[in-house]
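Take a look at the structures listed below.
The following pair of complexes shares a single chain, chain A, combined with chain B in the former and chain C in the latter.
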Partner chain A sequence: MSVIAPNFKFSEFVKSILDNAFWMLLIFVLIGLPAVFIALFYIEMPVIDGQLLTPFLALTWLADPSRTIPILKAFMSTDLFKIAAFPGFGFAALIAAGTIFVERKMLAKLQLRVGPFYCGKFEGILQLMGDGLKLISKEIIIPAKADKPIFWAAPILFVATAAAFVALIPVAPGWVVADVDVGLIAVFAIIGFFPIITILSAWSSNSKFPFIGGIRALHQMVSFEIPLILSLLGVVILTGTLNLSEIVVSQSNFPWIIFLPIGAIIFFITILAELERIPFDLPEAESEIVAGWLTEFSGMIYGLVQLGTYLKLYAFAALFVVLFLGGWTGPMIWPPFPEDIITNGITIGPITAKIPGLPIFSQEMLNGVLWFVIKTVGVIFFILLPRGVFPRIRIDMLLSLGWYKLIGLAFVNIFIALGLLYAGVLGPGGILQ
Partner chain B sequence: MVGELASNYSTLVLMFGFAVVAMAPALLVSRMISPRKKSNPVKFLPMECGQVPSGEGRTHFMMQYYAYILMFVVFDVMAIFLYAWGSTLLLLPKSATLPIIGFLAIMFAAMAFALHQSGRRDIW
Partner chain C sequence: MADVVFLALSVITIGSAIASLEFRSLIYGSIALMGTLGGIAGFFLLLDSPFVAMFQLAVYVGSIAVLILFTVMLVKRELIFKKIEDKRRKFVGIALMLIFITALGSVIMDSGIKSITTDEPAVDFRTIGADFLIYYWPALILMALILSGSVTGALVLARRENVENDQRTD
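On to the complex of A and B.
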């Protein structure tokens, strides 16, 4: 229970606020604005209405609404927007935050509890914000004799690797951060970094529980990487490409889960194992080894690892959607943008403003994003569900599942794909062309 | 040509860098506003469920499933080899599948032997 300081004076409180505001304004005018102009001078500006957008014109957008939307559109086509906001980090972090909240509420309902309830007016909706504030204001305790640089770097590397994974996911036609030709191989390359980061952080903390948890995580991720790679070979055989966008386009008639259900099931099980979720949460088995490789993490370091974990969860669910459920394809349910506004302009009260450049997003893109999000949320729901349903399995069961059953089934899946191709059902001359 | 291929990956690296730049301030702010008390050396001991930790943190640890990691090193490469074949399958003649079936058979035999050896816990 905190109390107001005994020598508290309201006038001094107001004065301190005004002082801070004055200095912030001064620093913004003397340093911030020149810095913005210098930065804008070096950025390649777009041509709008046949006129090169100079830094001075760029800042007049507030005074000239007709230039606002072209500038916004030009900004949204830059790499920075894609990386920071829409198909990249911001979008993924938003879905990750939603996943955390939905997981807590859903798990509570499955176990006949209430879950987060008091923070925020409605059903504890602000619980996540409260947790974030708590984590950022907690002391970060680093164990003595820990390898400090690696201990600090591991959570940041974890989040950054998960973000690089997110960068490969196509969300809508043309809306992908990194559209590489060998997208699927790049995904495997990035997945291969997670065990390394895990074992590095576990080894650096100089503690026994993280060490055992890290070794378990290494075994688990490494063992399930081979069924993961083999289960996706069927899709590659049928599409003949490794580019994720082209794989989505190839599913415009039928999603591959119809033809390759075994591959989809294997891939889903390996997702659960790679994400260390129940029933495969041996690396974090809280009743055996405290919290596994997360034991020594405290405060914001733990928060970053959680963020990275849920970014990874989103990326894997999105990868499942892209490869097996048809990505952004789906019937057109988004209403078309009203032609009236494009031709006649918007009427607000007595004023009619004709704004060029509308609509900002095309109907196809919005529809694609809607279907992608619906499917991804569905897959995330099925990833969260086992946590309330299944017990944890033993490590020898885990390894025998990964090495005997899943790899065998993955080869069955490959032969199904080959059979479909050579029987003429799919591929050139098949039913899809 | 090489530059074009590499430029596809530049956004991937930028995304990685963006996450580093965006997340490092979280740790810095946390470091600035959180309390830092070094009053008690016991506080900085490794977690061992309330006991005073005994022995080294980084020790030799007997993990009886070490063989599976060795197997991963071999069979991960083999699985990636299959992608070189699978992604160009539509362009290849059908007879090109036979050598791959032979490759799979050898791989299966080797994997069965390796799994049998890995299962013998007494020798690891």
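On to the complex of A and C.
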């Protein structure tokens, strides 16, 4: 029971919101609407198509789908929509939120626990919302001798860097925020920012556990970046491009995991290490160093770091899908938009509404998004799974794994790719393409 | 538009370069150094060479700056740096820098840089790769040998099998 509101009841909370809405509506009707009409009396409204633009006419137009669908389509082709909603931040945050809930529930089931249960009527489905509300309402405590500017900036930079990573991921044909020619190099450049932000936030909190965790994170991320970059070179050698969309298009016949399984395995292991997930969660080892570099974060600062972590998880899983599993390619299973509606319109009783501009999304795009989400969710599942199974390994084992085994295997993978290229099997001018 | 971006980048690059020298805190100094290196990456982006810009970010900001940060955090500042406030040194340094910049600038201005046409398309990174493999292959092989030699040496030096075995309790 919280101390601030000992008699908190959710029903009364809802009632208070409804009360407020009622009073706002009442005041708007009694004062706002007359004020608007008085103002309209003095303002000259424009005449459009021989009709005076009254508020009623404007509302009628807003309800007319043949006028609103083009506006909607135009909005969806803007950069703002791409950055904020669909292939960018909103879509990724939605998947990240789903990941957090599924992770907690699935780990609980793996370990024969119940997991989130009480929040929401069904299996704790509202737990995530409750946690979010809790994090927003909590006080942000900053250690007394912390370096305040860096301490405040680090979580925001963390989320921003993760969002920049998300922006490079192509979700469906043409649906990518930043379609750059050097996409894969840009990914490497962005990944390089995470250890800096981690070590700066760890240092700025001026506390020993975060600093130990930050140093561990730095070791781990910097040493696993090398096998990560090397493991992806095989794909670049075979496709001859660095653009992520072109890499996806090159896999229309078969995904690269068939020919480069070693590279895929190395990349998966390095993903686990870069995301600081079990068995490589040394920077956040909660049984050794409290919570590692997250120890001093509280309230919404912690929430931001968590959001960034899960955005990063989605981005890495999506990158695996794009590079090795063929991205959005897959058999066409999405049903086509009914021709009848396009040609004849929708008939409801006596009314026939012809709506030009449908369908809003093309069949290829919806099918691509469906396949992309299915594959990404599968990869995320495999990233989550080790957390319920494996113990944490020692840091010397981690570093020797990264420096000796993975780098050696990455070179084996590069030689396989080169062999396939020079044998004329794959690549530009190969037999299979 | 590009002029505004160019001016902003220049201010960021030069400002953070001065800041990285002038900050008392070493951490803030290295953050400012990151700003300088990132600003240079921005110049490369303006010059239509995103490939070099991304490598600038990945190598300089992502690795070199991290190494500097790491080193700075592991040493105690008071042990290696003494506070020397010497105005004359500062002015001599500034004068040297101005002389150097004017000399370099006059050399660059006298070279053929003014006759370069700026509206040509950006150089594809595939062309860079092909040039490396066709015209500059001896340099490439030399670099590869030096790099692989140094990496192997680093791995050998970092290997401490005996010490590690002694430290184990089991």
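In this text, the second predicted complex is superposed on the first by the 367 of 433 C-alpha atoms of A that agree within 3 Å, B and C clash if a C-alpha of one lies under 4 Å from a C-alpha of the other, contacts with A are read in each partner's own complex, and residues count from 1 in each chain.
Please note the rule applied: contacts are C-beta pairs under 8 Å (C-beta built on N, C-alpha and C of every residue); 3 or more make two chains touch, one makes a residue touch a chain.
Quick caveat: nothing in here was measured; it's all calculated off a predicted structure.
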When the two structures are superposed on chain A, do chain B and chain C clash or fit side by side?
clash
On the A-aligned overlay, A:Lys138 touches which partner chain: chain B = first, chain C = second, or both, or neither?
first
Give the label of whichever partner, chain B or chain C, reaches more residues of chain A.
B
Which partner does A:Ile156 contact after superposing on A: first (chain B), second (chain C), both, neither?
first
Between chain B (first) and chain C (second), which does A:Glu44 come into contact with in this model arrangement: first, second, both, or neither?
neither
May I ask you to decide whether A:Ile196 touches chain B, chain C, both, or neither, giving the answer as first, second, both or neither?
second
Check the residue A:Trp403 against both partner chains and state whether it touches chain B (first), chain C (second), both, or neither.
both
Is A:Phe89 touching anything from chain B or chain C once the two structures are fitted on A? First, second, both or neither.
first
Examine A:Glu339 and indicate which partner it touches, taking first as chain B and second as chain C; both and neither are also allowed.
neither
Of the partners chain B and chain C, which touch A:Asp79 in the superposed model: first, second, both, neither?
first
Overlap of chain C and chain B interfaces on chain A (superposed complexes):
180-181, 185-186, 188, 203, 211, 215, 218, 222, 225, 240, 242, 396, 403-404
Per the touch rule, the chain B residues reaching chain A in their complex are 5, 8-9, 11-20, 22-24, 26-27, 29-31, 33-37, 41, 43-49, 53, 57-59, 61, 63, 65, 68-69, 71-72, 75-76, 79-80, 82-83, 86-91, 94, 97, 104, 108, 111, 115, 118
Would you mind writing out the residues of chain A in touch with chain B in their complex?
79, 82-84, 88-89, 135-145, 152, 155-157, 159-164, 166-168, 177-181, 184-186, 188, 203, 205-209, 211-212, 215, 218-219, 222-223, 225-226, 229-230, 233, 236-237, 240-242, 290, 295-296, 299-301, 303-304, 307, 395-396, 399, 403-404, 407, 411, 414, 418, 421-422, 427-428
Chain A to chain C touching residues, read off their complex
147, 150, 180-182, 185-186, 188-189, 191-193, 195-196, 199-200, 203, 211, 215, 218, 222, 225, 240, 242, 396, 403-404
Of all residues in chain C, those that touch chain A in their complex
27, 31, 34, 50-51, 54-55, 57-58, 61-63, 65-66, 69-70, 73, 125-126, 155, 158, 164
